[in-house]
Amino acid sequence: MGKGGFYLETKGPIIKFAIAEKFINLARANSIWPMTFGLACCAIEMMAAAMARFDIARFGAEVFRPSPRQADLMIINGTVTKKMAPTIVTLFEQMPSPKWVIAMGNCAISGGPFVFEGQYNIIEGIDKLIPVDVYVPGCPPRPEGLLEALMKLEEKITGTRRFPIPEQKW
Amino acid sequence: MMNEIIQIVGKETVRVVIGLIGVLILVVVNALMLTWLERKISGHIQRRIGPKEVGPFGLIQPIADGLKLLGKEILTPSNVDKPLYFLAPVLIFIPVLVSFIVIPFDVCLQVKDINVGILVILAFSSLSVLSILLAGWGSNNKYSLIGALRSVAQNIAYEIPLLLSILPVIFMTNSLSLKDIVEVQREGWFIWKWQFFAFLIYFIAGVAETNRTPFDLPEAESELVAGFHTEYSGMRFALFFLAEYTNIMIISAVATVFFLGGYLGPFLPGFVWFFIKTYLLVAVIMWFRWTFPRVRFDQLLNFSWKILIPAAFINLIVTGGLLKL
Amino acid sequence: MNTITEFYYVLVFLIVAVLFTIVPVVISYLIAPRTIGKKTFATYECGIEPFGSAWIRFSVVYYVYALIFIAFDVDILYLFPIALSYTRGGNVCEFYSLLIFVGILAFAIIYAWGKGVFTWKRRVQ
Amino acid sequence: MVKTVFDDIKNTLKGVEISETSYDERGYHLAIESQKANIINIVEFFDGKGFYLEDLCCVDYKDYLELVYFFNNHKELCRVKVALKVESDKPAAPTISRIYTIANWYEREIHEFFGVYFENHTNLTYLFLHDEIDCYPLRKDRVPVTEDDRRLLNSFKPEEYEDGFFINLGPQHPSTHGVLRVVVKMDGEYIVSAEPVLGYLHRMHEKMAENRSYLQFLPNPPRMDYLGALNYNLGHVTTVEKLCSITVPERAQYIRTITAELNRISSHLLWVGAFVADLGGLTPFLYTFQDREHILDILEGIAGSRLTYCYFRFGGLYNDVDDAFIDATKQFIKHLRGRFGMYEKLVTKNVIFINRVKGIGILEQDKVPKYGCSGPVIRSTGIPFDIRKTEPYAAYDRIGFEIPTGTIGDNLDRYMIRIREMEISLNIIEEAIEKLPSGPFKAEKVPKKLKPPKGDIYHTVESPRGELGVYIVSDETDTPYRMRWRVPSYSNLMTFPYLAKGELISDAIATLGSYDLVIPEIDR
């Protein structure tokens, strides 16, 4: 971004107790509220993850807040164009901390299929603009992919994993 | 005068403190319960499970939410009107707490039976309108502003049917004390004794007063993002949330007292009956939310003025007539 | 005496309510981390910089409703004292006074209705 | 129709070069070579005849640019291509936005991507591109943005708007279903004016097409419209097949019909849910998604992905369907038919819903040609216009079906039409399964490297949102010289400023929802 990507100044809390912090982190991991925010194809799969079949509510993450002020998680679910980029950075900055970002889909990770010589309109990877916590590859990823990303994010917050990783059978 | 005050403080402090602790616990537990209930009910209506992994049946989910919101940064946008912006969440909580003074949970389970009980609730509930207006105006955000203005118009429009629907009951009991009103119903609940329509009017107006679907215009998500609390984050937002759920309970509790015989009922202890009735009504309000679309603003206002208020007038006249003729 | 007691209750609850809202905010302020970005404190408007302030003159369509409300709310408050002593008198004439009072109020609605206060039209120039 | 138009032009517009072309080869009946001097007259002629502007695009031939206007008629198929050559150095052309409202956006688009200046155009500010673009992207040579155009880059300047109450709906807004931005001027709850701002998801599909071979471009169309992926896939594939004269086996045609209709149902189902969610009722959204999952499962079984299917290949399909697919589809038809009753109870019989949509967002029939809208939006006004009937592709001409139409063109009509269309789609699928012939699913001897003959072709299909047109100019290489996508949501959205004017904001949002917008499709 020509007009200057982002800068963040992070400060820890004023008072910090190790035990309290642990509990609050546990609470944070179990109550991740995503922001209502859709970009492209992956947004439909994000919606599907919130619907009856995949039901992201089981993990307490179905409270989609339309205002960034009340959200914890930003799911970048689609191609980030140069016109959209300042908006995304603004929205990310307007979220109160602690906040997390999931880059969902190849477009958000690297520009995906829309990278070619002479491209003039997309950002090749949202991590050039804002810090990303979990990447979900796929074009688009399945809703299960997003659920797994949520698990990964919980693991990142608390340090422990909710379910054991299933054995690979192939 | 001074002596009297000291006397009262000395005599009543124990009761006040016990009552306060009880009410505070009730408010917090109720809000946690209701958020859980809402998410579970919505889940089951929508053919999914709802919160499940956090604690047994997801029961710890609301606690996790609360703790998370506690550990969340509180942002104050730079161009808000700071005094108003700070005052709004404080104001919204006053009516919530004060209303519980007069609600009779059982024959002797009441903080204080004030003889103008219902007036206390009604008077203080007007504060929440003020709070929403302050929140909307103070935020300096256009969605908030529209949400707040809608909220005010809506609240004042539905306050009249609300008043008019409880008036017939007062005509029949000649008392404003909630406990007296319950006691009179030993002869029969008012919902069966002439006041069925009053109950309906009250309930509809109550749903509107608490800004719930189908009257949730102030926070209409598809139009106004998050409505009047768009700019509120962390704990301040949680207070709005807490107040909303407590308000639902208060509206249902007053309906229980006025029309459903309050704590009266066979076999079970009184407060159990009271909570059963109250939460049934709460569940119905939640059921509304997950079934109906939202009404439009003019429809909302006109529904009150064209249907509810005339109906309430007729109901009042009929009650007056039945009592006298 | 009794009234002062009641006021005492309300006052205590009121103060506690205020404290109850301040304490969590303070705790939250102490234990929450903070991040400050360039636009963190800017007004939210879908991620776009808003055009102008929200504090401008704003045409409210429903101000007429507010006017009727004031008239109504005050009048209905008069009904509360009536309600308290309605059945104590044995006379039918109380019913007729009630009828007249409510009738006048109802007339106000009919008047407003007829004046077209309750119709919202699409505004096309 | 074609003959009368031909004669009329010959007689009334003297000195216009007009020729008849083969519809089967080119996709249009008449071709007109026009000059700057007479283009307005020609356009006015078509406007007078009740034609609508199907598409307006530009092709860069290096020595000159060619503006291509497509006119078509809703009543009877008669597609006319009008070509206007403009010099490549400082290109300029007269505007036709006064005659056709939709041309306003088409011309702005061409101005952005090719640098063609339209004389007397009211507002040539950039619609799609970001502020720091430094060249005209679709020009074959790199042409830097001129100083005059640079001033038009930032389309909204706050200082001009100090006197009004302006609200941005979007790009991040729950009601815009993606990243559409509508700048709304409000007067209390009423909308004074609404102006959509596009381009937040412009993914350069048309530029990519010029850089990829026909085969390599296959995955792109499904990503333009991720809800009607197969229909886009079909549009691309059938156009190229027509251009290269590839015949597709009958079995493949039927399977294409079945899968495309399944996809249409899944798209409409999502819309029904999203539309009711716009009105505040969230639960139907979850119910429709549940039904939609059945379709996703069925299509995943044959195409391999859940959303952006790329199932059709030039000359046939990626693979054949099996009995499991047929059984699952039959079961699904039964299942969905049973669900319509529930939707009716939950939505259509709900008095709040009816009061919210009835008589709102009325689009008059006579306004339709000015905007060139299509799909359920045009059918709601009472015009039975459906590409599946007027220009049948796949196996639609061998299957009987009706076209549902509305009466007054309000939101309720658009809702009912989509519900009805789902029922009709079920019937189509049922009939197609019954008639499904055996045989190969792929044409033999389709070369890996397609090199179509020189020339251009315009071909349309009916996507769930309306008329999807693909215009390909081939130069005998394996990459298209120019590929232009005429997308339905674009012209449907153009009616929004008109329909939203003077409405309450809640109604305007319902109207916006009723278009069934897919933003990547508009932005391409």
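Here the chain labels run A, B, C and D in written order, and each chain numbers its own residues starting at 1.
Simple rule for what comes next: a contact is a pair of C-beta atoms (placed from the backbone, for glycine too) under 8 Å apart; a residue touches a chain by one contact, two chains touch by 3 or more.
Bear in mind the structure is a predicted one, so any value in this text is a computation, not a measurement.
Q: Please identify each chain that touches chain A as well as chain B.
A: Common contact partners of chain A and chain B, which must touch each of the two, are C, D.
Q: Quick one: report the Å distance separating chain C from chain D, using the average Cα coordinate of each chain.
A: 48
Q: So what's the Cα centroid distance for chain A and chain C, whole Å?
A: The separation of the two C-alpha centroids amounts to 40 Å.
Q: Distance-wise, how many Å sit between the C-alpha centres of chain B and chain C, to the nearest whole number?
A: 14
Q: On chain C, where are the residues touching two or more other chains?
A: 29, 31-35, 40, 42, 44-50, 58, 60, 120 - these are the residues of chain C that touch more than one other chain.
Q: Which residues does chain D have that touch at least 2 chains other than itself?
A: Residues 165, 167, 171-174, 189, 286-287, 290, 504 of chain D each touch two or more of the other chains.
Q: Please set out, as single numbers or ranges, the residues of chain B touching at least two other chains.
A: In chain B, residues 46-48, 70-75, 142-143, 221, 225, 230-231, 234, 297-298 touch at least two other chains, as defined above.
Q: Determine the shape of the graph in which chains are vertices and touching pairs are edges (line, ring, star, complete, other).
A: Here the contact pattern is complete, since every chain touches every other one.
Q: Touching residues of chain D toward chain A in the complex: what are they?
A: 129-133, 135, 137, 171-174, 177-179, 199-204, 207-208, 211-212, 219-220, 223, 226-227, 270, 285-287, 289-290, 293, 306-308, 519-520
Q: In the complex formed with chain D, which residues of chain A make contact?
A: Chain A residues touching chain D: 2, 35-41, 43-45, 47-48, 51-53, 66, 68, 78-79, 81-84, 87, 91, 113-114, 116-122, 139-140, 142.
Q: What residues of chain A sit close enough to touch chain B in their complex?
A: 23-24, 26-28, 30-31, 36, 51-52, 55, 57-60, 62-63, 65-67, 69-70, 72, 94, 96-98, 162
Q: Within their complex, state which residues of chain D touch chain B.
A: 165, 167, 173-175, 189, 276-283, 286-287, 290, 346, 350, 352-353, 355-356, 504-507, 509, 513
Q: Report the residues of chain A in contact with chain C in the complex, numbered from low to high.
A: Going through chain A, the ones touching chain C are 6-16, 20, 24, 67-69, 86-94, 96-99.
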